[in-house]
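The following pair of complexes shares a single chain, chain A, combined with chain B in the former and chain C in the latter.
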Partner chain A sequence: MRGRVILGLALLALLALPLVLSPYRLLLMLPFMAYGVILLGLNLLFAYTGLVSFGHALFVGIGAYTGAFLGAHAGIRSIEVVVLVAAILGAVVAALVGLLCVRYVKIYFGMLTLAFGMVFYTFVLKFYRITGGDEGMPVPRPLLLGLNLDAMPKTDYLVGPYYYYCLGVLIIAAAVMWRIVHSPFGLCLRTIRDNPAKAEALGVGVTRYRWYAFVISGVFAAVGGALLGPPIGNVDPTLAYWTHSGNLVFMALLGGFAHFFGPVLGAFVFIFLQDTVMSVVPYWRLVFGAILAVIVIFAPGGLMGFFARPRPS
Partner chain B sequence: MTRDVILEARDVRKLYGDFCALDGVSLAVGAGEFVSIIGPNGAGKSTLINVLTGVLRPTAGTVRFKERDVAGIGPVALTRLGLARSFQLVQIFPDLTVLETLLAPVISRLGRGTSFFRSLAGDREIQDGALEIAELFGLADKRHVPARQLPQGDKKLLDVASAFALRPEIILLDEPTSGVSTAEKSAIMEILVTASQRMGLRAIIQVEHDMDIVFGYSDRIVALHQGKVLADATPAAIRADARVVDMVIGRTHHIPSPPKGERAG
Partner chain C sequence: MSGIFHAAILFLVSAGLQLVFGVQKIFNLACGSFYALGAYVGVSAVAAFTSAGGPPVLFIVPLAVAGLLVGAVGLVVERGLLRFVYDRDETFQLLLTFALVLMMEDAIRLTWGTAPQSTAGHYLLYGQARLLGAVIPVYNLIVIAASVLIAAGLGFMLTRTAFGRIIRAAADNREMAEALGVDMRGVYAKVFTLGTALGTLGGALVIPATAAMSEMGIELIVEAFAVVVIGGLGSMRGALVGALVVGVLRAVAISVYPEIEMLLIYLIVIAVLLLRPRGLFGGAAA
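And then the complex of A and B:
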């Protein structure tokens, strides 16, 4: 009950923010919402299936580059098409990569996902003609629901229509993921996380279910990645770099992966904290490293651990 | 004796490198039977269970379940055909509640594991199926308790109950009472036998060290020794077999006939 009230208030706040917040802070909300979608997907693997991916930036990169490619090579700027194509590409690549990765667990799974992430990173970095190399590619301003909003000043467009569009996608993504983790499939994933041998004896096809989770997770990350590009206006290979994958895991730990909304909260705090710290000292990674150490040692439940019972259900 | 054979192993050999764990083991289990497999440590009991449950592929020989070759097909496929197992070392899902643990096999049985968007809480058939098993095993009061917080005896019971929730035709229990107190052992066995009758199980195979339980419940006892079947007979015949008493049960052990005895080593 208390959870529903907090969720309702958070939703109202997100709807009302454009009326009260400065454009600068509203621009920070955009990556937050994109990361929120990505983290919902990452956490299906992390908290519910017990697999930590260190290569999820691969799917973020695929999503972000989809928008750039469709704009540059096909003249397609409809965000619905971009998101749909990103989701499909994310699913296809996750299906192929996952075939190999889900046969391994723990550190081996993590390292394999990292390896595939680095392969993709190197690809976008080195194939200069196609991807623009380290300079990246421009992302055109997307059409929202088919509406061309080129006449609006850029910031007005981003903090207005684009903000609400991202919020809509985040809400839909959260609702879909909520359904998935509370489905029979979601319960099967948790049996696999807790005890794969026992799960198998109860008829749960462990490898197959891990693969499904991996594909779903890849789709969410790609959709989030597609939302990440337009506010920056440019995508470059650092989006697919392994430190970016590390940031995603950090966000999940920071917010508390044991709670459904923990990683989303983690994304929010990460972005605003990063902005604050960067404005004070240039060594934000130093500060964040210390924070990560403190979380792991003293607050393994993350920020949500202080408010809610740890219960990934 | 003519009987309806459900599970049959024929001339099964299993080698681990040079070591021969099973050396030409044959075993047939028919409808309505309660069969116990006994033998000293290293006799090949666990290997036999793992071969019968499709976890291990035998080096030679066949395993047939309901007249299908099931050698090495894996546990998931076997559960679908109607064979379930529990484990020697208690296997639970630590962070799942009792009810959630029992939901998983019901989901498998109904083939709803890939219902990605169906509400689990709203699926009456799955919920009722799990609750029914919880009641049958006396775990209904603890249905919202996380499995890791259960006492050892209840963990063991939950492990067995979750295998029953698959509604198998035949169940293999690897030491159903190991690691629990003597007082709890008979309670577990009573619950288990009652549940199997109510649910219409066709056969039970157990590996067991406790001779009270072996002689108290079995229709037939299979004694393994160094990978071979030493004897395969009724409890009465086993009791009279000097070789089995010598090599498997141990002379120091007072064989229950029927009442109290000590645990065989």
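And then the complex of A and C:
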């Protein structure tokens, strides 16, 4: 009950924010919502299936570059098409990569995902004739629901229609993920996490279910990645670098991966804290590294661990 | 030949990574950061040495000494951070080393600034040699020789000394080693410091040939990672072979078709993981 009240209040706040917040802070909300979608997917693997991916930036990169490619080569700017294509590409790549990765667990899984992430990164970086190399590619302003909003000033567009659009996607993504997690399928994943041998004995195809989780999580990451491009107006290979994958896991841990909304909270805190720290000193990594070390050592439950009971167990 | 030089450096860093993983079961993402730290300290040490009037020809002495000494950072990290998470899930251990990566990258920027640093003009001090029709800086040969010596030394230590026996026992079965009276805290501290020192020494030795940049650490870790996957996690022989494979392949790829340089290495990594998930020498004790 208390959880629902908080969730409702948070939703209201998100809806009302464009009325009260400065455009600058609203612009920070955009990556937060994109990361929210990505982390919902990451957490299906991390918290519910017990697999830590250190290469999830691969799917973020795929999603982000989808928007840039469709805009540059096909002249398609409809965000619905971009998100759909990103989701399909994310699913296809995740299906292939996952086929190989889910055979391993723990550190080997992390390493293999990292390797695949870096394959994509080097591909994007080195084949600059197609991808623009380290300068990246521009992302055109997307059409929302088929509406051409080119006439609006950029900031008005981003903090207005685009904000609500991203919020809509985040809400849908959260609802879908909630259904997935609370379905018999989600229960199977948790069984696999807690006791793979027992799950197998009970007739759950462990490898197959891990693969499903991997593909779903890749789709979420690609969709989030597709939303990430337009606010910046440019995508570059660092989106797919392994430290970016590390930051994603960091966000999940920061918020508290044991709670459904923990990683989303983590993304929120990460982005705003990063902005605050960087406005004071340019060395945000130093501060964040220290924060991460403190969390790992003293508060493995993350922020949610302070005021909520762990959920997915 | 430049491939073998690169392999020699890579071996040092990956040997540190392997040692730590073999004994402590921690995959240390920060080993690249230690490498970067060693490089910067090396530059500073050489600069201090020459400005203090030391003969430039001997620059390799302060370089190596600084590289080894700064390995003491490993002790601080182990006692100050890592020892709290030994009984945790390996995800947390991995993330803690990732925290180190973040911190050290900025700590280096804070101390040495963002501009690349180099030991200008020392690289060719020892002249060049002709070997098999190629011109090679003698410095490269010195580093390769040093690396081979260190490899032999590590091999000797692991197989012929009491400390090596303890390390191998700890890698095999921690509880049993402890039950037989081995002080694991001491072993962990020593192993991690040794692993760190290998990384920092690698960083220091590479520096005359290139320039120290704050990103060098996070870039190297991916290569070292490729080395240990190809060679097999936790295996010293694996580190040696893996470093040779990666170093030489990289050099070949750069001269043939530069675009595929790292791509080729990752593809090999993936192929190895698929065909021999434990690596070429996996399963062998540290």
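Note that in this section the second predicted complex is superposed on the first by the 312 of 313 C-alpha atoms of A that agree within 3 Å, B and C clash if a C-alpha of one lies under 4 Å from a C-alpha of the other, contacts with A are read in each partner's own complex, and residues count from 1 in each chain.
Keep in mind that, in the parts below, a residue touches a chain if its C-beta (ideal position, glycine included) is under 8 Å from a C-beta of that chain, and two chains touch if they have at least 3 such contacts.
Computed from a predicted model, the values in this text were never measured in an experiment.
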item: Chain B versus chain C as contact partner of A:V119, first or second or both or neither; value: second
item: Chain B versus chain C as contact partner of A:V5, first or second or both or neither; value: neither
item: Touched partner set for A:Y212, first chain B, second chain C, both or neither; value: first
item: Partner chain(s) touched by A:I180 [first = chain B, second = chain C, both, neither]; value: first
item: Touching partner for A:P300 - first (chain B), second (chain C), both, neither; value: second
item: Which superposed partner A:V280 touches (first chain B, second chain C, both, neither); value: neither
item: Dominant toucher of chain A (residue count), chain B or chain C; value: C
item: Chain B and chain C footprints on chain A, overlapping residues; value: none
item: Residues of chain B touching chain A in the complex; value: 53, 74-76, 79-80, 84-87, 91-96, 100-101, 103-105, 107-109, 112-121, 123, 126, 159, 162-163, 165-166
item: Residues of chain A touching chain C in the complex; value: 52, 54, 100, 103-104, 106-108, 110-112, 114-116, 118-119, 122-123, 126-127, 242-243, 246, 249-250, 253, 283-286, 288-290, 292-293, 296-297, 300
item: Chain C residues within the chain A interface of the complex; value: 27, 29, 81, 84-85, 88, 90-92, 94-96, 98-107, 109-110, 218, 222, 225-226, 229, 233, 258-263, 266-267, 269-270, 273-274, 277
item: Touching residues on chain A, where the partner in the complex is chain B; value: 176, 179-180, 182-188, 190-191, 193-195, 197-206, 209, 212, 216, 312
